[in-house]
Structures are given as C-alpha cells and as structure tokens.
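Each of the next two complexes has subunit A plus one other chain: subunit B in the first, subunit C in the second.
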Partner chain A sequence: MKRYIIEKSKVNEWLKQIIKSTERVLAPVKDGEKVYFRPITSPQETDYDSVTTTESAKETVFPRTETLFRFKTEGKDTTLSEVSAESYPQTVLWRARPCDAVGFLPLDAIFNWDYKDNIYNLRRAKLTIVSFSCNTSDSCCFCTSVGGGPGNTEGTDILVTLLNDERALAEVVTEKGEKLISLCPTLFKAVESDEDKSSALAKISSRFTSEQVQEHLKNAFDSSIWKQQSARCIGCGACAFVCPTCACFDIQDDKCGRDGKRIRCWDSCGFSLFTKHTSGYNPRPEQSMRWRQRLLHKFSYMPDRIKVLGCTGCGRCSRACPVDMNIAEHLYSIANYNHEK
Partner chain B sequence: MKNNIYLPYVMTIDRIIEEAPGVRTFRLKFKDKEEENAFSFRAGQFAEYSAFGEGECTFCIASSPTRKEYIECTFRKAGRVTSGLERLEEGATMGFRGPFGNFFPIEEWKGKNLLFVAGGIALPPMRCVIWNILDRRDEFGDITIVYGAKSENDLVYKQELKEWGERSDVRLVTTVDPGGETPSWKGEVGFVPSILEKTAPSSANSIAVVCGPPVMIKFSFPVLEKLGFADDCIYTTLENRMKCGVGKCGRCNIGKYYVCKDGPVFTKKQLNDLPSEY
Partner chain C sequence: MSNLEETARSLFKEEKVNLIIGFEEGSRHPRPFFCTSTDDIPKLILDKRCHNNTAVYLTKKDLLGTGLVGIVATLRVLKSALQLSLENQINEGQFIFIAGEDASDVQVLKDKASIQSYVDAHPEIPDSKVEERLHHIESMSREDRWAFWKNELSKCIRCYACRAACPLCYCERCVAEVNCPQWIDPWAAPLSNMEWQVNRAMHMAGRCTGCGACYEACPLDLPINLLTKELSSEISEDFGKGISGNVLSSFNPADKENFFK
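Let's look at the complex of A and B:
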C-alpha cells in the first residue's frame, strides 16, 4: 500500500480534477435532514459532516431497478436486445465511509459465487471508491464488532484520513486508486514511514464479535429469541433497502405497448410475499421467521457459503427502522444468550 | 454483453396440448439452431420460462433429455405469468432460461426397481425422469407409478397414462380423490398416500421418487418408511419460490442451502437435516 500526504486545503482541488476527468462523481449531498450519494459537479456540494449517508452506496453497482434486457414484440415474434456496456458510467464514489467500502465485498461474493453476474461486474469494474476515515460516530455504529473499523482500508481504493493537523493521509490500496492520485501528482507527497492516523479516528467500542454471534447462531434456528426480537417488526423492508449488503431482488417485466424491458428491483426477505408460493402456501408465514432469515443469512449462511459476513456495522438499518429495532442490540443479546433450549 | 445470465433463449411454441382444466403443455423449439445443438440437460433440472411483458416463472423441464428436438413444460394457469403464457398461441415466441439446479442421479439407479409417486400438477417434473428411464428401459428393474389427482379430469398426460397402463413393463396405479371419480372410472379412489400403502411396492433394491403438494409428500414419507424405504433411497424435488434460478436473488434458500443451486432434487435423508422452511 502506498501512502501520500496532501494538504487538507488542497483536497477540493484534487476533487475538482476528479470531477473533470470522470463521467460521474457521487458524493454525500444533504437533502433536508437526509444525506444521499448524488452526482456532484463541484466540490462544494459535498457534505463532510454526516456520519454516514442515509442510504448505502450499493446503488452505484446494484441500482434499485436495473434493466436486464429489452424486448420488442411484433405479431408472434419477439426480439431481445441487451443494454450496451458503455451505458454504465465510469464512477468515482467520493467520501464513502470504510463501512461503505467494505460493503462491496459481500456484494462481489453474492454476484460471483457461482454464476457470474456480468451486469453487476461491468458496473463494479467502472467504480473507484475514495473512502474517508470516520472521525465521528453515532449510537448506531458498530463496525468494530463485525471486524471493521473507522480507519479500515478493506474494500476501498483509497482511504483518506483527515489528520489532526493541516494534513490528510491518503492510503492507496489499488491500481484504480493510484490513477486518481496521478491526476494531481503535485498535490501529493509520498511518505515512507507509517503516519499514525489512530488519534484522528472516532472511538467505537466493540461490544461483541461476529465469531461469537456465528457460534451462537449454530443452534438458534428454533430459539424463542426471534419472536421476542421481531414482535414489533412491521415488515416494511426499510432495513434491507438502506443496507449496504442486502442484495435480494425481484425480477419483473415492464411493458408499454409492444416494447418492454425485464428489470430487477430491490426486494426484501422481510416482505410477506417474498417466499409465498402461487398456491398460497408460504414457507415463512410469520414475521419472526423472516427476521430470523435476515439475521441467519447475514451472520451464518453467508459466512458458511460465500466466506463473507453480510454486515458492515454501518448501523443504517437501526437508524431507518420506524419501530426502533436496533440490530446491534439484537446481535449483542444473541452473542450473550443460550439458545440450546 | 458476454454471458448475460438473465438473457433467455428465444423459443417458438411448436405445439400446445390441453392436459386438464387450466393445465397446458407447451412444446418449445429453439429459434436458433446453434443454441439447440449446444443445449443439453439432465432429468430433474428446472428452467425459467417467460411470457415477455408478464415475467418469468419456474418449472421443471417436463420432457426427457433423450428427446433432443424439443423441450416441454406443463403448467397450471394460476398467476400473472402463467396467465400470460396461457394467452400465447402456437407459433408465438417465449423465453426459456436454463437448465438450472441439480438432477436425479439416474446413472446410480441402473439395475434398481423404481417407484414414482406423484400428485396433481407434480407429475410433469417426474414425467421427465419416467420417459428418460423408459427410453432406456432395459437398464432398470421394475417400474411402478402411483399417480393421483383431485378428479379424473385433473389427471395430466391422459394419453401417456393410457400408454404406460398398457405397457407390460410398467405398473401404473392411478387414483382420484373421493368424489373425483365418474361412473366409468376404473382406477382407484382415495388419496395418494393411502393408495401407495395399498399398492405396497417392494422396497428391496428400490428407489422411490415422490413429487406433489407439500401435504401429499408429508403423508407419503411415513408410508414409504413403513414399506422399508431407507431415507437415502427416497428422492423428491422442491419448488420454493424463485426468481433468478442462479443463486443470487435470495429467496429459495432452506437454511444455508439454495433450492436453485443445491436442489431442486433432495433425498429425504438430506431433508431431515434441513430446517423446516419448505
């Protein structure tokens, strides 16, 4: 990993160059009380105050609706056409958080563990992530309990840490990251020694470990804890929609006249229709079963099958929940609960 | 784009067969000869069928892999997509994406007796195996088929049932639920599990394949156990709701197993270790 120092006051100059040379730069933009990753045309639009954006960054590679192909019907005949690879824009994701960057790893695994999803892969190949270390956190953050941290470089292309003086440290993890540095070579000074960034990072204490959670989930399928935890869940799916790693989707046709497209759109295991058969039979008829699926999928099935945890500890699900279900609290109680009975 | 896993083959509906009220079989042919030549599948695999404009739905391939010139699917009109399929006429275009999932290990069944137990619209996935076996008849032992439906009219593949019934190398037992018979009905009357018990096929050197609605499977398993079938000699095919068919969309899993990847074919022994989410 290469390390560079840039003056904090020059960061916007660098961003300006990035905007100039990239098809699309997405950065946190304030919208009322909420903050979203949106295309920016000038550095000043970026919001640097928020802990995280309201929604995750997954939409850059897994949009809420994605055209899989188009069809055209004429009489009894239908012809198919594909979306051109050029239509997926070269994108820089600016001022993501370490928990955003690490969230791309489970997505990579889901879309490639067996069959390769090349629509996802094309978008992913065109994405460069510039994450910023967290110097602040809130009560929903729990990245350090799931193997992450406020200065974690996993999954990112560049991690920028705003140090306590006038300087910022850029840790370059990948070739893609190096390309962005090379846009403004004069702004960066390579540093050999390990610049200590720890004093510039938010303090987020670890309350449990994902290993503890995984161990306890082994015998938890029939536990009474799922009913307790989900008693007030209304199945709205907000947690899944804001989650950086939730990738369950539906496939639908959208047709207007003779033309149409097959689209995939976000879905959630929390919805009652998600697993319902045509016959009306539903293998997961109760909300508690759907909540169980959500947690087991992230903390048991994914580590088992695709060797990656389905949670980054970003806390968005807890912030978005309209009935105040806090996943970190649930995981803490799972890690400290005997499920044998 | 190279290898778009969501892009279906474009097929022509060559023939439509009315099987029962609301139930149709489509015989599909590839529009592209090269695709047809490169295509192959194994008995038990499933596919995603699409009516363009309505969406995709999942059925097992109902024709045998030994019949290479076409693919058949049988479906009941029950929702948006199957209603869309039902509106299509012979000569129309539809989509086919597959084959997906695992298959029945029929190479391991050579020399064994085979028992097929099916209910209602669940005969189609089994018909694929039955014809596969019948097309290679001398490699297998006795063949017994127990098939039931709500009423006489609801039995699918009526012509083929007649053909199987007339064969000396197949024992076919058909049944209808009480009240589903007509005065001329010559088959059994009763639910599949009890007729299976009455038929009492031997479990010696035998494999059982069970396919039907969850309730039929639930009550057939104890009967097979009573007849002496070991759990690893009982096969079924599960039909959890699916969208992608390739392990991405996240809705067909039973515990950590994906019906689309690890199934749809499971032995009862495997099911014993799975959580009850199917």
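Let's look at the complex of A and C:
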C-alpha cells in the first residue's frame, strides 16, 4: 500500500480532474432529508456531512433493474442480443465509506460463486472506489462488531482520511487507485512513514464479535428467539433493499409485442412470496422463519460457503426499518441468548 | 380513567388476554411491542412519540393466536380498527382497545360503538405540514405536478414498506403480485413505480384513514400519503363526506348506470 499526503484544500481540485476524466462520478448528494449516490458534475455537489447514504452503493454494480439480454421473436425463431459492454460506464464512487467499500467483497463472492456473472464483473471492473474514513458515526453504526472500522481499507481502491490538521492522508490500495492519483501528481506527496490516522477517526465501540454470533447461530435454528424478535416485523423489503450485501433477485420479462428484454430486479427474503412454490407450498410461511433466514444467511451460510460475512455494520437496515428492527441489538441478543431452552 | 400499567395488569388477570400489542422504548424512537406476560408490563409505554399504526397487526392471524388480544390504541389505531371492522376484517369481541394518547390516562373500549364515540369525541387536528404540501402541489401547473411525481416516484425501490405498514393493505395476494395477467410490472423503474403507487392510491380510495403510516414507513420519505389523502378529499367532494366503506365496491341501486346489476 502506498501513502500520500494532499492538502485538504486541494481535494476538490483532484475531484475536478477525476470528474473531467471519468465517464461517471457518483458521490453522496443531499435530496431533502436523504442522501443518495448520484452522478455529479462539480465537486460542490458532494455532501460530506452525512454518516452514510440512505441507500447502499451496491447499485453501482447490481442495479435495482438490470437488462440481462434482449430478445426478438419472428415466426418460430427467437433471436437474442447481449447488452454491449460499452454501456456499462467507467465509474468512480467518490466519498464512499469504509463500510461501503467492504460491502463489495460479499457481492464479488456471490456473483462469482458457482456462476461467473459477466454483467456484474464488467460493471465491477469499471468501478474505482474512493472511500473516506469516518470521523463521525450514529447509533446504528456497528462496523467494529463485524470486523470493520472507521478507517478500514479493505475493499477500497483509495482511502482518504481527513487528518486533524490541514492535511489529508490517501492510502492507495490498488492499481486502479494509483491511476486516480496519477491524474494530479503535483497535488500528492508520497510519505514513507506510517502516518497515524487514529485520532482522526470516529470512536465506534464493539458490541459483540461476528465469531460470537456465528458460534451461537450453530444451535439456533429451532431457537425461540426468532419468533420473539420478529413479532413486530411487518415483512417489507426495506432492510434488504438498502443493504449493501443483499443480492437476491427476481428474473422478469419486459415484453412489448415480439420484442422484449429479460430483467434482473431486486427481491427480498422478507417477502412472503419469496419462497412460495407454484404448488402453493411455502417452506417459509411465517415471518419468523424469514427473519431467521435473513440472519442465518448473513452470519452463518455466507461465512460457511463463500468465506465472507454478509454484513458490514453500516446500519442502513436499522435506519430504514419502519418498526425499529435494530439489527445490532438483535445480534447482541443472539450472542447472549441460551438457544437450548 | 386509569393508567396503562394498571389497565394492562387487569386485562391479563380479569379478562384473560394472552397478548397486549403496545409500544416499548426502541433504539431511536418507540416501537411496537408484543407483551405476552405480566412480567413485560413495565416495558409498555404510551406517549406522543408512539407513531406506529399498530392496527396493522390486527389482521395478522399467525401473530394473534386464538385468545383475546389487547391493543394499546392511539387515535390512528382506533380509526383503522373501525375501517377494518366495516370491511369485516375484524370482529367485535376479538380485541380489547386500551385507548389513549398517554400512559397516565387510558380507557378500555370493547365494542364498536364505544370506539366510534371515542373517535368522534377526539377530532384529529389536521397535520399542517401535510396540508401545506398538498396545497403546494395543488397550486402547481399540470406539467410541474407531473414532473414532481415523476421525480419522487422514480426513487421508489419497490420495498413495499408502504403496503406493509398500512393496516388496510391486508390482501393475502396484492394486485402487485398477481402475474396472470401481470397488472403491474414488479421491477423498479419510473413507469412501473407509477403503476404501483397509482394502483395503491386507487385501492385506498374512500378507505384511507389518513394516518400517514405509508409515508412514515417509506425509507426514502416519498410523500405517498399525499396521493391517498388527496383522493380522500376528492371522494368526499364527489360522493359526500358520510360515505363509509370502499368506493371501489360500493354502489347505489338507484344509480343511472346499470353495469353492476
């Protein structure tokens, strides 16, 4: 990893160059009370105050609605055509958070598990992530309980930390990151020694460890805790849709006469129809079973099968939930519950 | 009149309820709480911050069990319960309502008539923010209004939190999920989002009690409550204020049109 120092006052100059040389720069933009990753054309549009965006950054590689291919029927023949690779824009994700960056690792694993998803990988290859360390957090943040942290470099291309003086530290993790630095070589000064960034980071205390949760989940399938925790859950998909790692999708055909396209769109295991069979049988007929699936998938099945946790501790699901299903609070209970009873 | 804790205790003891649906302190604001034993009673709270419309649980049979259920009921909960009763979704005697706005002052209501008179005696103060926003949108030109809704609804991610939070969205199979024929495209896109939200509003016409739970549930703060609210005013203008029930399935035998006969 290379380290550079840039004057804080020069960061916008750098961003201006990035905007000039990149097809699409997505940055947090305020819209009413909410903050979204949106294309920006000038550095001033960026919102630096928010802890996180309302929605996650997954849409850069896994859009809510993705055309997989187009089809056309003529007589008995159907011709298929692929979406051209050029239509996926070269993208810089600016002022992501460390929890946004780390969220791409589970997505990479999911979309390359048994089937290598070409569209996902094309989008991913064209994405460069510039994350900014967190100097502030809110009551929903719990990254430090799931192996992350406010200054974590995992998954990012560059991590920028605004130090307590006039300087900012840029930790460059990948080649893609180095390319962005090389846009403005005069603005950056390479530093050899380890710059201590810890005093510029938010203090987020760890409430449990993912190992603790995993250990407790081993015996928890038949636990009474699921019914207890999920009683108030109203079964919407808000948690899954704002989650950086939830990747379940539905496949639909958007047809008009003989032409059409096959679409991949977000789905959620919280919906009662998610597992309903054509026969009418539903293996997860109750909300408690769907809630159990949500947590077991993230904290047990994913670590087992693809060696990565399905949670970054960003807290978006807790912020979005209409009935305050606070995930950190529920995980804490799970890690401190006797599931035998 | 009595306080919430005493009332809850007496319901468990005298009325043999198995469950009281109420509110407890949450991580950021009060949240719905399922109180299943007298040990949990101290957790019950009730004050102005208790916003969730817990009437949404009144039609969730798997949560309710078979016994008598108590529910801590704010005005919005009572209004929704009356509408659910009108639509034959809940029965008299199925629930005991602990009505009030604050834990220090609640009263027990057991039948429809007493709920109705409580609601009549507590007229809701119109939410000035909602009125203002509606007025603002009404004053727009058609083009601006279209642009406004197109912009707002294009953000919709189709998480259906609006539907899940609405006590009157109790259909076991929502029109959004019917796929033969597929009335509404299920993917998030400006047009299909519009289809969904317009359908939702139409299905709420004359039924919506104006609680705003759909808006409060929306993770993106889309002002979708304004759609149902506006439709309510239009319904009362066209069909009269006294109309009760669902305009989609109500009819007047004297109507000059005869397609429903």
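To be clear about the criterion, the second predicted complex is superposed on the first by the 341 of 341 C-alpha atoms of A that agree within 3 Å, B and C clash if a C-alpha of one lies under 4 Å from a C-alpha of the other, contacts with A are read in each partner's own complex, and residues count from 1 in each chain.
Throughout what follows, contacts are C-beta pairs under 8 Å (C-beta built on N, C-alpha and C of every residue); 3 or more make two chains touch, one makes a residue touch a chain.
Just so we're clear, the structure is a prediction, and the values are computed from it rather than from any experiment.
Participant: Based on the superposition on subunit A, does the combination of subunit B and subunit C result in a clash or a fit?
Facilitator: In the superposition, subunit B and subunit C stay clear of each other.
Participant: Once chain A of both complexes is superposed, is A:S279 in touch with subunit B (first), subunit C (second), both, or neither?
Facilitator: first
Participant: Return, as a multiple of 10 degrees, the angle whose vertex is the Cα centre of subunit A and whose sides reach the Cα centres of subunit B and subunit C.
Facilitator: Seen from the centre of subunit A, the opening angle is 80 degrees.
Participant: Which one hits more subunit A residues, subunit B or subunit C?
Facilitator: Between subunit B and subunit C, B touches the greater number of residues in subunit A.
Participant: Per the contact definition in the header, classify A:W266: touching subunit B only (first), subunit C only (second), both, or neither.
Facilitator: The second partner, subunit C, only.
Participant: Determine, under the contact definition given at the top, whether A:G237 touches first (subunit B), second (subunit C), both, or neither.
Facilitator: Touch status of A:G237: second partner only.
Participant: Is A:A247 in contact with subunit B, with subunit C, with both, or with neither (first, second, both, neither)?
Facilitator: Only subunit B is touched by A:A247; subunit C is not.
Participant: Is A:A320 touching the first partner subunit B, the second partner subunit C, both, or neither of them?
Facilitator: In the superposition, A:A320 touches subunit C alone.
Participant: What is the contact status of A:E329 with respect to subunit B (first) and subunit C (second): first, second, both, or neither?
Facilitator: The second partner, subunit C, only.
Participant: Touch test for A:V29: subunit B only (first), subunit C only (second), both, or neither?
Facilitator: neither
Participant: When the two structures are overlaid on chain A, which partner does A:T65 contact: first (subunit B), second (subunit C), both, or neither?
Facilitator: Once the two structures are laid over each other on A, A:T65 reaches subunit C alone.
Participant: How many Å separate the nearest C-alpha atoms of subunit B and subunit C in the overlaid structures?
Facilitator: Least C-alpha distance after superposition: 5 Å.
Participant: List the residues of subunit A that touch subunit B in one complex and subunit C in the other.
Facilitator: On subunit A, the residues that contact subunit B in one structure and subunit C in the other are 250, 252.
Participant: Using the touch definition from the top, list the residues of subunit A that touch subunit B in their complex.
Facilitator: 68-69, 71, 73, 76-80, 82-85, 110-111, 113-119, 122, 221, 247-253, 255, 260, 262, 264, 267, 269, 274-279, 281, 283-284, 289, 293, 296-297, 300-301, 304-305
Participant: Quick one: in the complex, what on subunit C touches subunit A?
Facilitator: By the definition above, subunit C touches subunit A via 26-29, 31-34, 52, 56, 62-63, 155, 157-161, 163-165, 177, 185-189, 213, 216-217, 219-221.
Participant: Where on subunit A does subunit C make contact in their complex?
Facilitator: 32-34, 36, 54-55, 64-65, 139-140, 231-232, 234-238, 240-242, 250, 252, 254, 263, 265-266, 268, 271, 273, 286-287, 318-320, 322-324, 326, 329
Participant: Flag every residue of subunit B that touches subunit A in the complex, lowest number first.
Facilitator: Residues in contact with subunit A: 1-8, 10, 50, 52-57, 78-79, 82, 89, 91-95, 213-214, 239-241, 243-244, 246-256, 261, 275, 277-278.
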